[in-house]
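What follows are several structures.
Consider the two complexes below, in which subunit A is the common component and subunit B and subunit C are the respective partners.
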Partner chain A sequence: MNNSLIIVLWAGLTLLSVLTLIFIYLFIKKTISNRYEMRKKKLLEDYHKSDSVLERYLRTGHMERRMVLGSAVEYEAMQEYFVKRIQVVNEEEHQRIQLFFQQHLVDHYRKRLSSRRYNQRISSLLYIERFNLRELLPDLENLLSKKIGDVEKYAVLRVMAGLQSERIIEIMMDPTQNLPDYVCRQLLYPLNMNLMERFIAGFDQCPPSLQDNLLDILRIRNERSLAFLQMLELLVNSEREELRIRAIKALASFGYASKQGLQRIEESLDHWDAKSWQEKLMLTKLMGSIKSGPFLEKLQELISDRSFMIRSEAAASILLYKDGVQILRKIEASHEDRFAQDIAKEMLKRGIS
Partner chain B sequence: MSMANLSNKSDSSTSYVILVAGCSHDIAGVLSTVFSNNGWETHTAIEAEQVGKVYFETKPDCVVLGSLWHETEDWIDIRDYAHSESVPIIFIDDSNSSEYRIRGFNFGANDVLGMPLIPEEVAVRVQRQLEIRTRFQEATLIDTLFGVYKRKYFFIEAERQLGDLRRTRDPFTVVVFELDRFRELNETYGYKEGIRAIRDLGRFINGRIRNTDVLIHAEDEKFILILPRTYTANAVPLIQRLQQEFSAELADAVNGTYSRSFSAGLLEVVDSDWKPGNCLDMAVKALEKAKAEGSNATHVFSLAQDQEQGWRRKLNVAVIDDDELIRNLLESRLQDLGGQQLDLNVKCFVDGEDFFGNAWHKQPGQFLVLLDRNMPRMNGMEVLRKLRLHYDRSRYLVMMLTVVNTEASISQAIESGADDYMTKPFSLIELESRIMRLIKGKRR
Partner chain C sequence: MNGWLEFGYEFFFWFNRIVFFYIIAVVFVYLVLFLTSAFNLRKQIGIPEMQYDEMLTTKFAPPLSIIVPVYNEEIGAVYSIRSLLGINYSQYEVIVVNDGSKDNSLETIIKEFDMFEMQEKIVWTGLKKGTKPVRKVYGSRLHSNLFLLDKENGGKADALNAGILMSKYPYFVSIDGDTILDTNAIMKVMKPIIEAKPGEEIIASGGSVGIANGNRIDRGYLNSGKVSLVRHPLVVMQVIEYIRAFLMGRMSLSRYNILLIVSGAFSVFRKDWVIKAGGYDTETVGEDMELVVRLHRLIRENKSKARIAFLPDPVCWTEAPESLSVLYNQRKRWHKGLFQSLYRHKKMMLNPKYGAIGMLAFPYFFFIEFLGPAIELLGYFVVIFGLWFNLINIPYAVLFSLVMIIYGSFLSMGALLLEEWSQRKYKKLSDFFRLFVYALTESFWYRPLMSISRMHSLFELGRRKRGEWGRMTRKAGVLHHQEEVPAQPK
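Let's look at the complex of A and B:
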């Protein structure tokens, strides 16, 4: 009886001391973190002052000794401050911020990239991209070679694309990478035209999904270069329909075709019946953007097409021609097909305000 | 007079119209023969009421009045109309009495012919009166009957406004308006009511416009209003408000009151190369459309819809860019811009020296310069500065189209006088709408 009482007592005491220890641990941890936050807040407040050491640096470009960072809290506060501040800077200040990060924070991020903690790696990616730390590209490539999950891999690739890494070309052209479409687009979008031209030059070696996305991104970015134009003009006759459609769409947005390119499309006008309505639709759009006599004739034929979409697009394209209004008026008044008359009427109503 | 040739009507008509009024049949016969031998159109009327009607239908250049008149209200009205339009009145004195002649001159005669009527003398005396009238007509700009400017003043004022447009690029609006159902009104209430309605409309409008606006009596029931520096978008509500107020003001008639209304055609003059006659024709076309819609209507002339050959807006477009692809692209794309509203003369230059070295850039007319920034020989900023320093600013619109996209360089270009700035790569649709906005001016 006594024994069991003692056991219970001991057990109770042990539990109490464990709990007390946990409480003390948590209390200390909270105090430290509070002090950390307080310190950070104080630092941020200081930085925000118009004559703070950072603001003076942004104005003059003169780095004071006080700017050299020591503690973790200083790193964090400064990086937080600059991430916000970089959104409202002029060009000169932007360069100064970048210079500062390149000089003082590269090692800091390098350490964090090789950290074993996922959070640290991911959060440093944000700053590496934001402050354009190209010095860290080898570290990023290194990180890729390690065993990391897809989410982290795509994040690293995005940063590499943002930093205009040439390695990205190899990676993207590698069919075994199997990058999803959305990643492909995210990677292509920030790439400068020099890198894009490399894709254009090696277009045939690109995986099909990269080909499609490349055309879309170049179109969305309104890029216009001779190499791109020549490629588009060839792709209009590509074997793969999806590629043809995207090339035609891109060419329509480009708004221009060389004499030979134009001739090639004009010659294809007679073989249209075999084409899908999607391709026909894009070609109809193209003929409104790039204008020629045979195109206008074809459009007048297409305005009585079976598909409403094509009739409508044909009417819209005709309207873009110099005497488009008159042609549509004529169709409205005297075309033998009632559907053609209707669409001409509607387009005239919509087109002229 | 049909509406369409309002602009072609000549002020000094070569063939005169003579109204022979209040004469006995034999005298009227003699006079008609004399006048028609001289190639003048002759109308005859006897009773005062009929005389008034014929007067307003035929608009005579001279009234020859026999002895059948009296100092009654109807005849006094006719005399007043004639005087207000400086139409001479020649009396025929068939009694050959000085008393009658004095009575005639007191009533307002410009000349009196005695008996017997000698054809050559009649002809020469009427001719003399007609000449005086013509000279007087040419010298005056005010329509005394209605107290506003005469039709020919439109051409003077329109020229002035076109000159202003050339300098400031601010368009002005021409409104042509006329009383609705004027013929019906004349037939129902008599010509006097008709005249009163025109006068009321003139006064009504004159009392409600800005003092920079100009009201002109075109002919009969038709007026022209010039609104300087006014877009039609702003003029339409004004005209519609006036229409509402005017039709709300009831006019008295013998058997109660009735309401009158007017219809208007508006034209926004945007091209300083147009001629006043063109402007008037276009505004009249708009008025015809308004009339077709019914009474109390307005219609705005729109180039896209009421297109006629020769009325297209001309614009010279220079593309200055060292990139051949961009030059070819813009040259082929811009040709069709604006459909039938615009007649674009596009020419490409590889750099500033090429542009200034070519006499093309000095031809008359308006220019739009699409300017690249980085070019080998004379770069975009140099071209811009030279254009702004040595050329008429309002004639050369400049739009920068360049890869240089730093804020400092954009603000530098805008400060140096660029009208717009677009960075490459550019969207064609955005570029085209920016160009259209530049061409159309500040309206939108």
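Let's look at the complex of A and C:
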């Protein structure tokens, strides 16, 4: 019994000392960080004044010693100030902010990028992206070659894309990367058209998911280059259904097709029944945004389709034609199919109100 | 008489042994949970919030249906709906489900958002069991993405099911009318889903819940920069409890994909999976936990690699009960829900077919979370018995209980440490002291109290009320008192 008493006593004492240690640690940490936050808050308030060092620098471009020889907290406050400020600056001020970071913080971020601590690396990434520090691209690539987790890898890639790094093309074309769609889109979205055209040129070598996302992004960005249009018109007949759907969607939002393109789409209507409902739906939408006689005929046929979604999309597409309202009125009044009448009625109500 | 006494001694002896090993096991389990969470959170200290910006500004997040079940909540509902309509997200719809409210909820919402009856709207997505009949479906003339579904009363789970059936997007999130969202809540919970690798599936994702009492709410959102701790002892204890539960328990369970509870207050689910699993169960009190268990079961039975994610960030805030009786009933309900979920899926218990869920999570929830209070209360009786018959080595017992109290405080302190590493909500030193002192007193009043309420629920298990709307009675407008919102122009 005595023995176990001693064991319990020791366990208790150990726990008690750990408890005290945690308490002291938290107490000190909170005190220090509160003081740090206070100092930072004070600095930020100062920077916000219209004649502060930073504001003067933005106006004149003259970097005062006070800005350059800062302490850690000052740098952090400046960084925080500029992160917000950079969103409301003119071209000149933007350059000045960037210049300041290039001259005085690049080394700081470089050190942080090679830090052993995850949070230091990640948080510096966010600033590198925001302040467009292209000088650090080699360091980013270096980080990428190390053993890092996916979250961090995606963050690095995102920054590289933001900085228009050419390496990103190579990485994205590599099918072993297996990037999530969402990341893929985030990487494509900021790329300039120069880099985008290189993807278009090498489209056949891209992994399927990249192909799909590329079409979506070009559509979302509303790009209207000839190379893109030509590619889309070819893809309407692609073997892969997913790709066809996205190409049709992109064409629909393009709102234009060349003569050959139009012909190709019209021909594809012959195999209507073999298509999935998603593709049918997209085509129905396309036939509203790009207009042609055969399309309008097809739409009037589709308004009595079995599926509600197709009917409704067909009615919406008809409404986009010049005499769409009259056609729908006629369908409402005299179509043999009751569903077609209903949808025409509803669409007229919605379209007019 | 003698026989009884002998039985008593024998029982005392064996109970002591069992409890001793039980305690050692519990101590060990909690230590493991703490260390896992600590290790995970340590990595993430001090990353600025900016990481959500980049997502908010992009248009690629998948569309989301937000389901708001409403039952007798005319005032609260309008506020929550309005704040939901203002969230920063690219594509979403808000589906309000009026579960046969007896007050004017329906009329108020219709009037407030200028709603009209819609003809063709319900897209039945094939849930095996139906829901209570839907009376009417409304759309809003003010917000094209707001819908209202009026149905007959069938309980919260039934209301959620109806909402799921009507939703048109691949993901849905359910929100209680009394929950306040963090500004980035949706992006936070969607992040694990959209960043999943091809081939990797996240079918549900949830975050921590914080306690909103004593905070300012601006336009339906809680200003997370200004969190301060209230003085009410019951609330302070609940704050500690929430931090411990979310940061320690769930964080580490999620690490191994064996999380059985995703906070019901705010979690995203993949619609197709939920429908495949059969939707929310209308017979359970804790329909959210039951659903998660069922999803896990489905994952294992389909040999899928799908996962349920959890993030330590607080994504929503809820009002903690300030009255003892409300708290007592809430805990009774939770415990009952826990039991029902475990009982319904008892097949998974210690069944290697269900992997870590069956072998770790189930035993954890059953032996520690569920049986804990019973053993604890039995322990009090045994101590009394032992003292009465002089069976207890008093110095040993005193020392042992002291050590356990220290251990309890150590865990609470550990939770505060995790809080400091991750959320840093309670910045003031005075708040920290208060949390610390209360954590020390927990074993003397709060813990026994909670154990009693949970035991109580066990006795009530026989009498089961179906599909109830377990909600707390709240002071009218506690969460919405500050804002003076001008009437919306018609």
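Here is the rule we go by: the second predicted complex is superposed on the first by the 303 of 353 C-alpha atoms of A that agree within 3 Å, B and C clash if a C-alpha of one lies under 4 Å from a C-alpha of the other, contacts with A are read in each partner's own complex, and residues count from 1 in each chain.
The criterion applied here is as follows: a residue touches a chain if its C-beta (ideal position, glycine included) is under 8 Å from a C-beta of that chain, and two chains touch if they have at least 3 such contacts.
From a predicted model like this one, the values you see are computed outputs, not experimental measurements.
Undergrad: A:Arg158 in the overlay: touching subunit B, subunit C, both, or neither? Say first, second, both or neither.
TA: A:Arg158 contacts subunit C only, not subunit B.
Undergrad: In the overlay, answer first, second, both or neither for which of subunit B and subunit C A:Asn178 touches.
TA: It touches subunit C, and subunit B stays clear.
Undergrad: Touch test for A:Tyr189: subunit B only (first), subunit C only (second), both, or neither?
TA: second
Undergrad: By the touch definition at the top of the document, which applies to A:Glu76: first (subunit B), second (subunit C), both, or neither?
TA: neither
Undergrad: Return first, second, both or neither, reflecting whether A:Val18 touches subunit B, subunit C, both chains, or no partner chain.
TA: Once the two structures are laid over each other on A, A:Val18 reaches subunit C alone.
Undergrad: Please tell me which partner, subunit B or subunit C, touches more residues of subunit A.
TA: Touching more of subunit A: C.
Undergrad: On the A-aligned overlay, A:Tyr321 touches which partner chain: subunit B = first, subunit C = second, or both, or neither?
TA: Touch partner of A:Tyr321: subunit B, not subunit C.
Undergrad: When the two structures are overlaid on chain A, which partner does A:Leu229 contact: first (subunit B), second (subunit C), both, or neither?
TA: first
Undergrad: From the superposed pair, tell me which subunit A residues show up as contacts to subunit B and also as contacts to subunit C.
TA: Subunit A residues touching both partners: none found.
Undergrad: For a test of understanding, state which residues of subunit A touch subunit B in their complex under the given definition.
TA: Result: residues 90-91, 221-226, 229, 253-256, 289-291, 319-326, 352 of subunit A touch subunit B.
Undergrad: Once bound in the complex, which stretches of subunit C touch subunit A?
TA: 43-48, 50-51, 54, 58-61, 119-120, 194-199, 393, 395-396, 399-400, 402-403, 406-407, 409-410, 413-414, 416-417, 420, 424, 427-429, 432, 436
Undergrad: List the residues on subunit B that touch subunit A in their complex, please.
TA: 302, 304-305, 307, 325-326, 328-329, 332-333, 335-336, 339-340, 406-408, 424-428
Undergrad: Touching residues of subunit A toward subunit C in the complex: what are they?
TA: Answer in residue numbers: 1, 4-5, 8-9, 11-12, 15-16, 18-19, 22-23, 25-27, 29-31, 33-34, 37, 83, 118-119, 122-123, 126, 129-130, 150-151, 154-155, 158, 178-183, 185-186, 189, 209, 220, 308, 342, 346.
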